[in-house]
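Structures incoming, each one as structure tokens.
In what follows, subunit A forms one complex with subunit B and a second complex with subunit C.
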Partner chain A sequence: MIATHALAAAGGNSPSIPAPHIEYGQLSPMLVVFGAALVGILAEAFLPRRLRAATQLGISLAGLVGGFVAVVVLAAQGHASTRAGLLAMGSVAIDGPALFLQGVILLTAVLAVLTYAEGRLEPRINGHRIDAFAAQAAAVPGGEQEREATREGLRTTEIYPLTLFAVGGMLLFPASNDLLTMFVALEVLSLPLYLMCAIARRRRLLSQEAAVKYFLLGAFASAFFLFGTALLYGYAGSLRLGEIADVVSGVAPVTPALAVTTQNDALLLIGLAMVSVGLLFKVGAVPFHSWTPDVYQGAPTPVTGFMAAATKTAAFGALLRLFYVAFPGIRWDWRPVMWGVAILTMVVGSILAVTQQDVKRLLAYSSIAHAGFILTGLIATDRRGVAAVLFYLLAYSFVTLGAFAVVTLVRDSKGEATHLSSWAGLGRRSPLLAAVFALFLLAFAGIPLTSGFTGKFAVFQAAAGGGAAPLVIVGVLSSAIAAFFYIRVIVLMFFSDPQPSGPAVAVPSALTATTIAFGVLVTLGLGLLPQYFLDLATKASIFIR
Partner chain B sequence: MNAYAPILVLGAIAAAFAVGSVVMASLTGPKRYNRAKLEAYECGIEPTPQPVGGGRFPIKYYLTAMLFIVFDIEIVFLYPWAVSFDALGIFGLVEMLLFIATVFVAYAYVWRRGGLEWD
Partner chain C sequence: MSTLLAAAGSLEPAARSYLSPTGQEIVFLLVGVLVLGAAVVSVTTRQLVHAALWLVVALGGLAVEFLLLTAEFVAWVQVLVYLGSVVVLVLFGLMLTRAPIGRSPDADSGNRPAALAVGAASAATLVTLVVDAFRSSWIDLSGPAGTTRLTGEFLFSHWVLPFEALSVLLLAALVGAIVLSRAKGDGTKPRPGNLRTVLTKTKER
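Now for the complex of A and B:
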């Protein structure tokens, strides 16, 4: 009898489970991009082959630009400042840093997608235009199936929806206010990237090797993140970053049922360390950097550019939110560790870059060194630090995209000529291209009048203000080492004789040209007139809890 | 300790059942071997002959298994929702339709790309 009553109550007609409140409007940048990705999959399924590439480019650009417009509208409505808030029952935070980084990621992705669509660099096959991606990624490298697919001029147009999915994850990553949401975002951004690394048209084996390495190490790092999340849940009894912060600072009342584990400092410290490992892997900080050179080298160059710029932006956003929202209360515990990581990252990245002979590996080690410079801004633990990191990420993204886009243009009969020796004398063959690449290298080195200088100055100033002056000294010294190898490449391009059988510089279509031009524009713009964007970053530097 | 006694008992019964079944089968079962029975058991892979250079194995099985998992997960979400359908109201219905539509997009892609054909 009693059981019948219980059943009747559970199966009653009135809604007894309160529906969660979801703010679709404020989540629209992510929803637009995910929606475009789904449309892309449907296009992939139902459109005839010859229409796919152009349609996919259109869908991707529409989705990414639409997402960017949504970000700008949200920011204009004040969601970056006065109306910033927690959404979706507290699991997503839309605030200044989130919207700023989402904007950077979307712009980066727009330019990266333009380089994907470049069809002028590879020689035509039977009249078919082909791009940087494998004809049929599942075929054995060098096998009969692959030859046939290449003859038919097939292209892997799935790269576009994959990119959109990755971008969707990247948009969520710096906005996630909950460790589990952060984990989901991490996976959503990582899984497509693993696939995208594997589909280079040339050097298939190297590309597949890169993907396997990235996948195995990435899965390992994700496991660290998840295990750390579990420990932190044991510590705080909550996954929300704000509630963890309350437990850390002792404000929150202890739930009696969790009294055994709550406020157990061992759980807190081990959990924080493991979650940080997961995130530091994604930003490519030493000692979790070993995947970077192999993956950057093996992945198709347009993908490398996208990955280097957008993944780093998203992952630093998440790292900032984690440390500034959830763990400001124990900064005296994590700061010394991050000091060590930052010093190692700057020094190892800069020194190993000196010995590199491949331009893609060189840029990979340079990206490791830059991760170290950005970490010094994170260590400042104040608003200026956040603003400096935001600005640095904006500046760095465009330089990186531009530099990798230039790498796609220097080619010989085997595809891209990435060995540095073949870049000798490039300045005489193609002064314009060499000058553009030199500009990007100078920006990487942080020479004044480029965006790199402003960014580096901002993070070092913030770090010095936050009491990390020794770190700044190490940073400046590693910058000097780094400047050595950037300038070595410039000298190689302009002051050595070109090889007789050296590479040629391909003339790109308007697509790649736009990306490079935009890179140059942003690099010079942020170097000469940085004030507007510095102000923007400063305005966007408050995290909501 | 008392609280764990049933678990230990269950473990003991499970172990006894597993070992007992194997022993009983070898004692009482008829022994008629054929080729298929002597092959090593591997999901979806033909263990012999080894592919040249340790290279490739058929991926068809994995594709099917992966699809199975996709729909399995869908059911995992659908089932509890269907049980308390009216408790969640319109919100639950809309979200579930969105979820099914998303899975359907993947399904359409697999179908059009020939993922459902065995050969």
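Now for the complex of A and C:
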């Protein structure tokens, strides 16, 4: 104590700031993942190059599995239900939805990292394994430097720590309990994703273009979010979601400042609209979807799979928390707008997907349509809606990951063959792979006995129960349109003749095979025996304030 | 500074009028005129380096304005971030791209009228907004609201988690910048002239 005083006196300050109270144990999923990212950076700096790829994979898997174990332990201790609470001076909420989504994100990330490490899809060059990422991101595409880097067998192993940083942000995003933490989490998850989009090994210009587009539009969306945050602060005098809810519903004690700002709803409505724009951009809802096809197509396919699954999960978690915790008081104002957004998203996503000729773009438009289906669950504004959205995100994540992992296997001499015409007759050449992809497409389409059906049923049921029956009709109609193009691909694979110069199907190592097998397992499991997970989602569907 | 503060604190709201300004207000207005002038010169001058240096004057003047409003933390952030980083970045950008140092008559683009319109429109919006928001109200500056101490206390007690998450963000950005820009593997030097060839190629395009 005396030493502290002496130190403080020497520094010219008095040590009067009370130390903040941080619950490290309950924050441990994030802390473990961020810690693994730091270890990964150190490994990148000090290990010789030939050891790096394997070590990075080990560190990432250890961090992500450790984080998942922490989530399970916290849930088992009751932090998802009875002991849910606010942490870190009220910045973070650990409750059912937060823990459920953190678990989904961590499992998704484990499987995605397995596909990152896949090195057997292309023949070795000079004895070096070739993965999906640029040998050297700084080399000019197609230049001498790039060829030299490929010959030397350089690899961009920084992808692993960057992924861990993104995962850490995604864990924080759906758990953040104030707008400032939410914004910081949004940036922590977005920035590594922008970078990871830029480092595809094949078609690098497309990849770099995708990254620049994603970065510019993403920065724009973040600016919207931040501006909206400022306006909401101006209205409510607080950034905490719970306190904003109190001011919105008029429960909060009226101070002179509040009496002035709450006279005019413009600040509240414009602020909410701008914050929503930032989040709807991240989930890829129409009219903020224009980045999705380009980015999904240009990014390295393992990154696309990760991004499509985990970002959507995290962003929907944040969207749920924002609307259910902070703005239930003005739901009659935001529900009509979200109706419009959901209808547009479902219809535009489904119709534009019909015209696509590239598998990755097709999956991108399908992900837009699915964002619309999930939004219908959000509009229910009750517990069943939350549970349905949670279940849908779980089901959708694994189907998406599996589908993109299959896309990495169909290859020709120029890398992945993503044009639909080259997928013709794939079922005759490689029945197993085509059958697996067909299963994923059927799950996207929502055919019974797959996880997609259970998910869609849950969100539509919740929406109908919440008084949004017309929305459900639009949803079923768009599902029918969507089923058309999914089944068109299946017909193309099984009932048309293969091209003579068509692509070959690479035999994956155990890494990608695990991802695909897990995707199949979850898709069938959630389709055949969904009850346990539906119950879990229902139990996890209460937000803490 | 402390005398200015005392002067601001001692005046009753009723006793204030536009006709008997305090020393602080006179200084505020003078610095404001200086900032405006520097900003106008910086967008009209035909020499890029001069424009950057006038920007220093404008942004530094803004920092002084913040100090006069007793927002010392914001003032120093202004100095560190805008003077310390942004302007230095601009100057380094000029140096590294070997842009012409002297007069550059081709620096004007055809977008001048559009830029003027956008600038005037946003200035008009801001002025209307601020004038409408505060009208004739006087804000007592004697409180501790803008001090670094209070900001620090809030930052490190209530906002400590987002603050730490921001440091993770910066680290991720650093790693990303290295990934995208490191031209060669460990130990080998970049080939001389590489930057130049890339730059000339970009210029040719």
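Quick notes on this one:
Note that in this section the second predicted complex is superposed on the first by the 524 of 545 C-alpha atoms of A that agree within 3 Å, B and C clash if a C-alpha of one lies under 4 Å from a C-alpha of the other, contacts with A are read in each partner's own complex, and residues count from 1 in each chain.
Throughout what follows, a residue touches a chain if its C-beta (ideal position, glycine included) is under 8 Å from a C-beta of that chain, and two chains touch if they have at least 3 such contacts.
This structure is a prediction, so every number in the text was calculated from the model and none was measured.
By the touch criterion defined above, A:A149 reaches subunit C but does not reach subunit B.
By the document's definition of touching, of the two partners only subunit C reaches A:L180; subunit B does not.
In the superposed model, A:I41 lies in contact with both subunit B and subunit C.
In the superposition on chain A, A:L162 makes contact with subunit C only, while subunit B stays out of contact range. Of the two partner chains, both subunit B and subunit C are touched by A:V140.
Of the two partner chains, subunit C is the only one touched by A:L191; subunit B is not. Considering which of subunit B and subunit C touches more of subunit A, the answer is C. Once chain A of one complex is fitted onto chain A of the other, the partner contacts of A:A84 are absent, as it touches neither subunit B nor subunit C. Contacts of A:R49 after superposition: subunit C is touched, whereas subunit B is not reached.
According to the touch criterion, the shared surface of subunit A, contacted by subunit B in one complex and subunit C in the other, consists of residues 17, 19-20, 38, 41, 44, 138, 140. Residue ranges of subunit B in contact with subunit A, taken from their complex: 55-56, 59, 84, 86-92, 102, 105-106, 108-109, 111-113. Residues 17-20, 22, 34, 37-38, 41, 44, 49, 88-92, 136-140, 145, 149, 152, 154, 156, 158, 161-162, 165-166, 168-169, 172, 180-181, 183-185, 187-188, 191-192, 194-195, 198-199 of subunit A are the ones touching subunit C in the complex.
Note for the complex: subunit C touches subunit A at residues 152-153, 156-162, 165-166, 168-169, 171-173, 175-176, 178-186, 198. Taken together, the subunit A residues at the contact with subunit B in this complex read 10-13, 15-17, 19-20, 38, 41-42, 44-46, 138, 140.
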